[in-house]
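Shared chain: chain A. Partners: chain B in the first complex, chain C in the second.
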Partner chain A sequence: MTWSQKTDERAQAIIARYPDPRSATMPLLYLAMHEDGHLTEDGMREVAARVGLTPAQVQSVASFYTMYKRDRTGRYLVSVCTSISCMLLGADDVLAAVSEETGVADGDTDEDGLFSVEHAECIGACGGAPAVQVNYELVEGVTPEQGKALCAWLREARPEVVLGDEMQELFGGQRSFEWGPSETAGAVGPFPAFEPYGTAKEGR
Partner chain B sequence: MTDRILTTRMDAHPADSNVLARYEATGGYAALRTALASKTPEEIAAEVKASNIRGRGGANFPAGVKWGFLPPETRPRYLVVNGDESEPGTFKDRQLLERDPHQLVEGIALSAYALDVRQAFVYIRGEYPRPARRLQRAIDEAYEAGYLGTGILGSGFDLDITVHLGGGAYICGEETALLNSLEGRRGEPRIKPPFPAVEGLYAKPTIVNNVETLSNVPFMINQGGAAYDAIGPEGARGTRLFSLSGHVRNPGNKEIVMGMTWRDLIYGLGGGIPEDRAIKAWIPGGASAPWLLPEHLDEPVTIDDVGRLKTMLGSGAVVVMDETTCVVKAAHRIVRFFAHESCGQCTPCREGGSWLERMLARIESGDGRMMDLDLLLDVSDNISPGLTWPPKMTTICPLGPSATAPVTSIMWHFRNEVEAHITGGGCPL
Partner chain C sequence: MSDEATPGMVKITIDGREMQVPAGDLLIAAAEKAGTYIPRFCWHSRMKPVGLCRMCLVEVEGPRGTMLTTSCTMQVNDGMVVHTESDVVKKAQEGVLEFLLINHPLDCPVCDKGGECPLQDQTVSFGPGESRFVEEKRHFEKPIPISDLVLLDRERCILCARCTRFSEEISGDPLIEFVERGSGTQVLTFPDEPFASYFSGNTVQICPVGALTATAYRFRARPWDLQAAESTCPHCSVGCRISVQSSQNQVLRFQGVDVDSTNQGWLCDKGRFGFEYLNSPDRLSTPKMAGDDGLQEASWIDALDAAASGLMSIIDEHGPGAVAGIGGARGTNEEAYAFGKFLRSVVGTGHLDAQIGDGLEPRLLAAPADRGLIGDLEKASSILVWGPDLKEELPVLYLRVRRAATELGAKLVVAHPRRTGLDDVATHTLRYRPGAGQDLLRRLAAGEGDAGAALAALKEGPTVVITGLAGLTEGPDLAEAVAAFGRDLPDATVLPVARRSNVFGALDMGVSPALLPGRASAVDDGARATLSGHWGADVPDGSGRDTAGIIEGLEAGAIRAVVLLGADPAVDFPDPARASAALAGAELIVAIDMFESVSTSMATVVFPALGFTETEGTVTNLEGRVQKVSRLLPGPGGARPSWEILEDVATRMGGSIGATSAGVIATEIEKVAPAYAGATWDALNTAFGRDGIVVPTADATQPIEYVPVDRPSAPVQRDLVLHLARVLYDGGTTVQRGLSLAKLAAEPAVYITPQDAHRLGVADGSAVRLSGGNGSAELTARFDDSLTPGAVYLPFNLGISVGSGLEVELEALA
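So, the complex of A and B:
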């Protein structure tokens, strides 16, 4: 398997932004996840060939960071923050509710590949605790009931693009701060949605 | 007197404070125009030095002094902006990136001009795609308008800015780990010296500054470094964004002049504790900071006053815990974080952190042993000898010692409650 021409062009554009191609390793790992849904050995080989490293070196880098998922990952990665501020406001109950609704334990993926559930360390939403991310798009002020409703909605609506504003509107509460104008770009898989990496898409 | 610098635009113009047109209409990029038309790089650097701003990332080191460590001759130099904001309790840089990204872009451009830098990088934590998108759009707008790129505003000054997303590793907020990560390596901190100003990105002289620090630079050029230095008490100049969370009625980022009391911050701006419950303790500067207690409520919120209480303002993250909080659970949760985020290079941190975590877990669940009490402090002492403040280190970076902060906080101030978990077979609350 090799990358499509479009992905390859994107990779070259990213590499050109750095004085040393090796610096493009992390962005290209997200491209690889975009290609395959999670980070595969093939994907790491594709990255290695473009940044001038061996596949082993790329794996060494990828394995350091929690966001490079080297196991099969659901279309919707639900990350429940359980660090100190979210814990104080009931995050453990949110995580339990999300696991119950999806039938997926913390750290697991379901058989259909629809959901992965994980507890996350602090995601910088402490003023809107407890906070949840779906494919790294944020929802703040989530109760256990709303956490369940969020997962049920994901299962029913199957949004192609996960939009933070939409989820916040439907399932969120207290925010860390006013978010300002709404965002039309969102996530298409379990990796951060960022236009220069080609991993974001315009939603509804 | 000015009491807010960073958040005025976003409060006045919530619908479009992130957009170039609004930024320009509210005085944006005037400082960059002035600088490029009529000031030398040395003059810009002198204003930042005169401001006496201390870095807002957590270490509180004077930014102007840091700039002075660059060797005069070596080129290229790099400017790296630390937007890896990951200290539990901290969410201020996220707001600055989402709500006023041009303020940061102008701060970067001014700083790059002052430092003779042609290429800057903004390292944003991977869990912040929305802030990253907002910043990237601002950068795109700035290129379009001629505030970035080649021959900026008709001058001979060129600058490129690249936004780089992290991969979910707290340790990359440590500046040398960040540089390794930006080079496409594991985010392991480097042994210092050499400091980044001498050998940083690609072993070239590099300045690493926090998002909030650089967002203040346009003000310093518009109003003068002396005007910034006139705000707040000595050693704590300027305004500062505090991230308030936990058991408070009005959580959020509060931009304040330092020097108010903790009572003013927690009960005034924070609105006090829900249902008027009693306060038990609070974390004054992120999960790495030892806790403060009700007896400290009337102490002033400044960098040095908090240092005298043997803790720190760190990243400005204040986490309030009320009387219903189980301190063992809270400490365990924080230690779990550090154990998970240890990069693994140094044995005291890698082994000690997870050992502390396991001990706290069993005490919390009621399976602790009385000998665990001494063992908790003994293991902590092996990570940070003497358990002094500021901490002594047996490790390359301060992450290991940070894991001991919640342990000493509960062992020194809440020992009875910890013991009760052991004697009573679980939480007494």
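So, the complex of A and C:
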């Protein structure tokens, strides 16, 4: 397997930004995820060959960060925060409700590739606990019932773009504070997208 | 102690004791030198500090009060006041150990490391005694193989990163790394990409717990049952110091010993695991004589009689010049000296050679002008490596050059027909087609084109020039021309290298037509007369044949008998088929060896010899450093020391070499060999110890100093030329007779550039026929884009030979 020409060109452009190719490891790992749907062994080999590291070194970086998904990942990645504030306000119940509604256990993905469910470490929304992210778009003050409803809506509506503000309005509760002007871009797919890497608005 | 600190030193106080330590030292190292041991797991004196394990916490007084700090990341400062045994430090140490033991299994009774385990030892010395943690420890499959030689038990790992740092910093093949994070962190390889490093065994030795174990040693012994003796590795001419460890008369492992001069603690895997051949059931343990049905076991008396009478009848009939000797580069100096003395004084022949047609001008190896030391690499500004791929042939020298080029910032120029292990860290890489090396050398000397930058780098001294035979299809002239070029560089030392373990010692002992013991010239009448006085026998003049000449002599019928000492020319000569045919025509072959070989299969008499760990003596490494090898084991039943066998044959021939013990020979060498004056066993055992003695010492004289000669030759232009070079794991005896290493030898293949392959219609992985100067073979072709177009590469001694001619042909097979 080799990368598509488009991905390869993007990789070369990213590598050219740094004095040392190995600095491009992390951005290239995002490219690899977008290329294959998740971070595959081949993807890590491709990154390693381009940045001058061994695959073992790339794997070391990739496995340190939870946002590099080395397993098949669904179209909607539901992350339930279980760190201290959210945990005190019932995050475990929210996670259980999300799992029940989607039929997907913590850390797993369903057969159709629609949902992935995970517990997350603090996502910086303690004031609006318990908090949930869908494709890293934030929803705060989520009760177990709202969590179920959110998942049901995702399954029915299948939004192309997931928007935090929209989900907050439909399923959220108490917010940490006013986050400022609405973010209108939203998220396409379960992997973070970046304008400079050329991956924004693409999804899978 | 005076108040004034010596220049370069600073004054610090450790536990109330004031001391001077080198400025810039890390506190943990300075304290250890001054006699205070600070416990540690992750810190290793030969690697950069990381401050990972926290075991080396000490209290350092500062302007804002005392603070706990890791002594492995703290440099000493003038006036620094340090406490290593305060209550605070003790509490910190107990806490660190309690944490480190959260997940560490208490399986010491079944763990190979138990008894020599830093975690076990330091827990006893510095630990809290009991743990407050009652939770389940983490579990992994145990153990998993991370290579053919090394197993990993992740449950025992304390994540000190010594192994991963070694693989990145020292050996340069980072195939193991931390994976996952937090409590899930573990050391792993990439799936399907094993830790196939030539240096993987070092990680086993430096692992401070039993997480990494070697397949060759697992469950073989407990450390307290091992007998140990310090010795010198027998596998190549770097001369790494090792500790030989045995139990119940079996060698069980070699461990690296840390000496500044050679290996700095490291070993290659061939050295570390290449002890298994010593325990091989194939070891010869009785003499053998040729019978109707191949070699038959014989009594010592019959075999000695046969050897002596056979040699005498050939001498009677054809003169002593019909006898030749090959070998001596595998054993000790004492054995080589006995071999040379036997041939020159008892037989009376000047045809003897320790090199097997694959070496350099003997005087260049034994006594080069401006000879360098391995240690010169530490202060070199630039290094030229033009010779063998050091990673394949002299692996620990590769580590030393790599260290100089990375850690110490030297500029490295590498010239070779294809990619070598050092190319990744080289500042300049120069490639050439075998046969056209002198062209490149002229361009380098003139600074033409792409060689200009390399020349500029090499003009920054001090420079170390390492040169040797890059491939077996090229003559020794190129390496000598490189040495001559190197000598002309400003502030340069030259280190000519050859690979076979004690070839330098054997040449120094005069096992060469050109050399007499102690680096004297065989064409020097005075030197011959002096030696003749010592020996009480005539010494043949310097017109003897080297190995290539001996092979020619056998073919022409001028040589009729060959004595082999630990040599297998039928395999090791660059053109093995030719050597084999020549030996087959010999009237008499007397072989002294540890194993039967292709050459001994043609022998009239084969004597079983004791080998490494079974004989005491000295060896000389590639920089002329004499070191001791120790006797720890008795060896197999009927085997005897080579010198004793030679003495017994000599006696039956009416002569003697005066070899009543290895020690007696050593005393004679010290007296007879001028360059070895002062290099006595006593001096090696006591005064100099593990660093050995570089000869000649200041009190000795070296009769010759060889100035390399540039003998220009016209470049050879052929359509397709052969690069024939050795690899670390080959068909050699010490590799193939050991269980661990035998399986590591690669499948033979011929390597070709994609351009040439395209031209010849050859696909990667397809079958081809390679035809050379002496034979042809069918084998697999592999692409290698690092070769110069017009060259193909065949690894030597992997079972395929087409001769050692430069010109080859290659055709695709359907």
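Here are some notes:
As a convention for this text, the second predicted complex is superposed on the first by the 200 of 204 C-alpha atoms of A that agree within 3 Å, B and C clash if a C-alpha of one lies under 4 Å from a C-alpha of the other, contacts with A are read in each partner's own complex, and residues count from 1 in each chain.
Here, a residue touches a chain if its C-beta (ideal position, glycine included) is under 8 Å from a C-beta of that chain, and two chains touch if they have at least 3 such contacts.
A quick note: this is a predicted structure, and the numbers were derived from the prediction, not measured.
Within the superposed three-chain model, A:Asp8 lies out of touch with both chain B and chain C [touch as defined at top].
By the touch criterion defined above, A:Ala185 reaches chain B but does not reach chain C. Once the two complexes are overlaid on the shared chain, A:Asp20 sits against chain B while remaining clear of chain C.
By the document's definition of touching, of the two partners only chain C reaches A:Thr54; chain B does not. By the touch criterion stated above, A:Phe64 is placed in contact with chain B and with chain C alike. The partner of chain A that touches more of its residues, comparing chain B with chain C, is B.
By the touch criterion defined above, A:Glu41 reaches chain C but does not reach chain B.
With both structures placed on the common chain, the touch criterion links A:Phe194 to chain B but leaves chain C unconnected. Counting contacts by the rule stated earlier, residues 53, 60, 64 of chain A appear in both its interface with chain B and its interface with chain C. Contacts from chain A toward chain B in the complex involve residues 17-20, 22-27, 29-30, 51, 53, 60-62, 64-68, 79, 82-85, 87-89, 120-129, 133, 136-138, 164, 174, 176-181, 183, 185, 187, 192-197, 200. By the touch criterion given at the top, residues 41, 44, 53-57, 59-60, 63-64 of chain A touch chain C in their complex. Considering their complex, residues 10, 14-18, 76, 85-91, 93-95, 98-99, 119, 125-130, 132-133, 136, 160, 162-170, 181-188, 202, 243-247, 251-253, 283, 287, 317, 319, 321, 325, 329-330, 333-334, 337, 340-341, 343 of chain B touch chain A. Contact residues of chain C toward chain A in the complex are 168, 173-181, 188-193.
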